[in-house]
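Okay, so chain A shows up in both of these, paired with chain B first and chain C after.
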Partner chain A sequence: MSNLASRQPWALSSNTFKLQLALVSTIPSIIGVLFVILGNLDFSIGLVGVFLPIQVLTVAAFGWRKARRRGLSDALLIFFTIFFSTLVLVLLLSVLGSVIFEGFKAMSPHFLYENNRYVGTTTSLEYGGVGHAILGTLLIVLLTTVAAVPLGIAMAVYLTQSQSKMRGVVRTVTQSLAGLPSVVAGLFVLAIMQFTHIERSGFTGALALFPLMLPTVARVAEESLRLVPPDLRMAALALGAPNYKAFFQVVLPAAKSGIITALLLGLARVVGETAPLILTINMNNTTNLNPFNGPIASLPTYVYSFLGSNYSSSQQRAWGAALVLLIVVGILFGSARLLSRKKSLKTKPAKKAKK
Partner chain B sequence: MANEQKDGSPEVKKRKLSSGPLSKGDKWFFRATAVSANFAFVLVALIVVFLFANAWPTLSSQGFSFFTGSNWNPDAKHPVMQLGPMLWGSLLIGFTGVLLATPMAISAAYLIVYLLPKPAAKVATTVIDLLAALPSVVIGLWGIAVFTPVAVNWARISNQLLGWIPIFHVKDPNAAFTDSPFIAGWIVAVMIVPIITSVTREIFSQMDDGLINGALALGGSRFSVFRRVIMPTSSSGIIGGILLGLGRALGETVAILYVLQLSFKINFFSLLESRGGAVASWILARFGEASNSEFHGLMAAGLVIFLVTLAVNMLASFVVNRAQPWRKN
Partner chain C sequence: MMNATSTASTLSAENVSVWFGERQVLQDVNLVFPANQVTALIGPSGCGKSTFLRTLNRMHELIPSAGLAGRVLLDGQDIYDPSMDAVDVRIKIGMVFQKPNPFPTMSIKENILSGLKLSGRKITDADELVETSLRRASIWNEVKDRLGDQALSLSGGQQQRLCIARSLAMNPEVLLMDEPCSALDPGSTRRIEETIQELSASMTIVIVTHNMQQAQRVSDQTAFFLADENTPGGVVEFGSTENVFNQPIDPRTNDYVNGHFG
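Now for the complex of A and B:
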């Protein structure tokens, strides 16, 4: 929101300054790269032993020349901010890049729709795929969604529309449920299964994902409901609408895209959960479309089981399934983003056009 | 029921007078939402009750040494199950992860809020949130195949240069440096950076502009504003974010299982040794072949990690909520 640079109009003025800045930010990295390539130096040593000291020194000297001690500390602050942020970016790109690069080696049309009926750990990649796992994941997550989304929205309504004094406590408990370790969710359902003698199936997997999805949906839905101007609701109430009508006919339509965002982010949260599913479902090599009976496959458990073996074709399968999982998460996350962006652009003109 | 607990604001009182005939539907509406909201408590209670019921045989037979001892032999005649090294390992990895993640997270938040132009800041926010959405099994896969070789290299270098510091000391001169708490700490750091960043970013962006402008007008520099204005006002919120990250780190399961050698020979501070512990990963690792008595032991381990993370997360959300007063409507 507040950009410090815009409040110091004198800071970025002259061309000499820009030239110096460019030199300061490129020379150390060039020296570092030269050392690594010509001196045959290890990259990590080159980064920490050569580049970092030179960069810190040049940045410090640059700042000192400009404004003595104040300039020095400012320059170092900016440098370390950029350095650590770049580290985050490099880690993220490394994860994404390696999954995409390795996953594409396993990718082929039949990998997406075939199941693993006759596939062992050493079967070549020409046979089999993740089709059954995609279907299984969809079924399990769908079951979880049916239960978690209405309940999560109702919690959000309670947190935003009611006047109860318990709201603070409910919010704290919900938020701390969001940090529930996924393996505990699995153990919890396992304990229930011991007690009630339910067999392992897709349903028990969905049950284990439920406590993980609920808090995410509740939190995002709460935020989107809070973004609806209270005047809308107050106007509806003033016209004599009861609270539930004010909610279903005024607040909910206004928060529609936010609610869908809550749904999508909740899905993205649970679709990759591994530990609860390992504990509560039996893995399957073939397609099973009945989530209430028998073993069922899912993408995360597929990755997990094939990563367990050391054969290269199994590893390839794990990477391929991880890429599919990543694409699913990316689609969910991306559409949630698009929705929440559209909302801020669209609301005002749309309302005017209607009335 | 819920709409009768009023705090004497005038408009609300008016509505109460005039909405008599309509209140029946409202009553049910609020009753339904209150029931679903209270389901949060029910869920926590159910988890505690079910885990405790299954954990009791182990807890009662092992006593307090369940938490402190370091021996896991569930199939002996008198089963011994003591979780000490795993508990300590979880804490060690959690703190390592937090130490690594905090500078990155604060830097990223500072960059997004105060340095980048608005469009770039939006992109950066999306990128960080995307990092939060990555499934832990994918990060584990990356950790074992891509990151471990790099981290082994870092570990070897820091062992050669700083081996005299106990943290970087390794007993075996030919150590492989794989599967160490150091690597697990990095993996956990990758997962909690986005959590700490998003809390910190929100607090930074809600900072009172007048405060910063005033500090600049009094002759403050960028660093002094950061050091004397931004950090003191936002520190409690940042600590809340760090606690949230710690809660996530303590409960992390699959990714750590890939990159850590679980061992009951306790590893106190030697981050680079190829052995460590993590309660959640231990549950998953043992679960497949657990006998009946070990099943109860693993349930007890689950109860312990649940209560610990619940306490950490409650403290965290309490701190974060207090640091974000604009969120209370």
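Now for the complex of A and C:
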């Protein structure tokens, strides 16, 4: 057993040291909590005014005692890393938590498949749902994806594989397009619609989302193609592969996981977009599966139209739709990742060779 | 098993000069690589021997600024003739790179068959071709039970022999090797050298190497490349390996092969 103990000689050895570490990491928070409860302090003041200074001081003293200046810098770096990571995590989790908590109240099976045809602002939650908006969101996003992903990948291919002098221009335009405010994209399409007298429809919504998704897909796909070692393409060409086969059978598969990330980030960019859809589609309370005829509902616009209401049942509908949107995004992301993993597993098992 | 059906060809370079942009890196290289012989290209770094090797199967032209003058003849036919397709040239003249570069998304077996697939040729008996190619690269025994594994699961030396096997599956007439052992340990190096010896029975081999002992062990003839400062490189001496190493004519060759510089 004594051999076991010596396996990690760098582990904390002395008990006093462990005790000091425990005190340094717990005492400031205890004092902070006591101040907040007993002194009736506001939580944020307790956190920033009491906990933070005490914690910084104790951590600094602890580090100084251990290794003077070097120990001090080390200890402070570690503390701030943990503090801010926790802060961000708490903020994110509270957003997620409130959506789940509030959204769950509106949740019921019929909420997922019914539409809003007979729902007013005061209608009880027992009636109506977001079924039409789920279908609408999927339809619009699918339409955008079908157009933006192949084009985005094609742009990435152009930017990485060609030697043309236009690449710089294309890349700059793509990058500035990536920062395009979504309202502007919506306004642009709206202007076209009014000029050409095209009616609002799912198609015009997808048209407004397209310039948002394209640059994201193009940029991420370009990065992932750039990471494929040029050696691989050379090896393929040296084996007598024509350019297009070297690309499609060697370079593209090697960049597959990056390309899927590009697809996911592109989806993430557009799936929750509200402003361009409000401008180009507005709202629809009934189910419409034809993207070329009449408005289509979508989850973000659904949330927008109900959240502004003063009635609690309407607000809960909005929360419920937000939760459904989160779930839809989760399912989309999860299935894309699963799809990419399944394919790469196929080549792994050694069974085929044994027969 | 070792049905070496490929007929080796004679490859020759006539007055080959090479440019990158305005900079000339090779001047008037004249070399003949007779069928079934192993030729070693030696010389210090930056003298243009790898570049020269890449002109022999038209990989050189893939560099955007590349330029070339002279002729490269495969059995008397100029591979740079406008009627020749670069793809056909590369099918006949295979290449093994300095760093092992198996295709990471493919299994061992798929790697071997990749050349045929990529060049659009029909695969008649896949299993036999895989076995023959792997045997010729003397790696069959190590991988025969794991042909479906990812190519990257192999060690560096095994990966390089897989790459050799991948080239052999194409049944090339000439095999170009660009420092194939520079990233490998002595054990793997020895096995690849043995492979080269066996392969020379069925093909012509040109190998770039920085290792003098290796050149002496594997090659029948040796060409010594040298580039003086700011001048294009060229062949200083070319002859049988025996003569180049033991009775060099040029004093610079003598200095180089005896380790006085480079």
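In this text, the second predicted complex is superposed on the first by the 298 of 355 C-alpha atoms of A that agree within 3 Å, B and C clash if a C-alpha of one lies under 4 Å from a C-alpha of the other, contacts with A are read in each partner's own complex, and residues count from 1 in each chain.
We adopt the following convention: a contact is a pair of C-beta atoms (placed from the backbone, for glycine too) under 8 Å apart; a residue touches a chain by one contact, two chains touch by 3 or more.
What you are looking at is a predicted structure, and each value in this text was computed from that prediction instead of being measured.
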Of the two partners chain B and chain C, more of chain A gets touched by chain B
Margin query: Applying the document's definition of touch, where does A:175 land relative to chain B and chain C: first, second, both, or neither?
Written below: first
Exercise. Considering only touches as defined above, state whether A:161 meets chain B (first), chain C (second), both or neither.
Key: first
Field: Partner chain in contact with A:52 - chain B first, chain C second, else both or neither
entry: neither
Checklist line | Which of chain B and chain C A:256 touches, first, second, both or neither | finding: second
_Applying the document's definition of touch, where does A:138 land relative to chain B and chain C: first, second, both, or neither?_
neither
TODO: Kindly classify A:229 by the partners it touches after superposition: chain B alone (first), chain C alone (second), both, or neither?
DONE: second
- Message: Which partner chains sit in contact with A:78 here, chain B, chain C, both or neither? Use first/second/both/neither.
- Response: first
Note to self: Applying the document's definition of touch, where does A:240 land relative to chain B and chain C: first, second, both, or neither?
What the structure shows: both
Dual-contact residues of chain A (chain B, chain C) 163, 234, 237, 240-242, 245
Residue positions on chain A within touch of chain C in the complex are 163, 229, 231-232, 234-242, 245-246, 249-250, 253-254, 256, 344, 347-354
So, in the complex, the side of chain A touching chain B is made of residues 1-5, 7-8, 42, 44-45, 67, 70-71, 73-74, 76-78, 80-85, 87-89, 91-92, 94-95, 98-99, 102, 151, 154-155, 157-166, 168, 170-184, 187-188, 191-192, 194-195, 211, 214-215, 226, 234, 237, 240-245, 247, 265, 268-269, 271-275, 278-279, 300, 303-304, 307, 315, 318-319, 322, 325-326, 329-330, 332-333, 337
Contacts from chain C onto chain A in the complex sit at residues 57, 59, 62, 64, 87-88, 90-91, 94-95, 97, 99, 101, 103-110, 114-115, 117-120, 144-150, 163, 166-167, 170
Chain B contacts chain A in the complex at 2-3, 5-7, 11-12, 15, 19, 22-23, 25-26, 28-30, 32-34, 36-41, 43-44, 46-47, 50-51, 53-54, 103-108, 110-111, 113-115, 117-118, 124, 126-131, 133-142, 144-147, 150, 153-154, 157, 190, 193, 197, 205, 207, 209, 212-213, 216, 221-226, 244, 247-248, 250-254, 258, 280, 283-284, 287, 298-299, 302, 305-306, 309-310, 312-314, 316-318, 320-321, 328-329
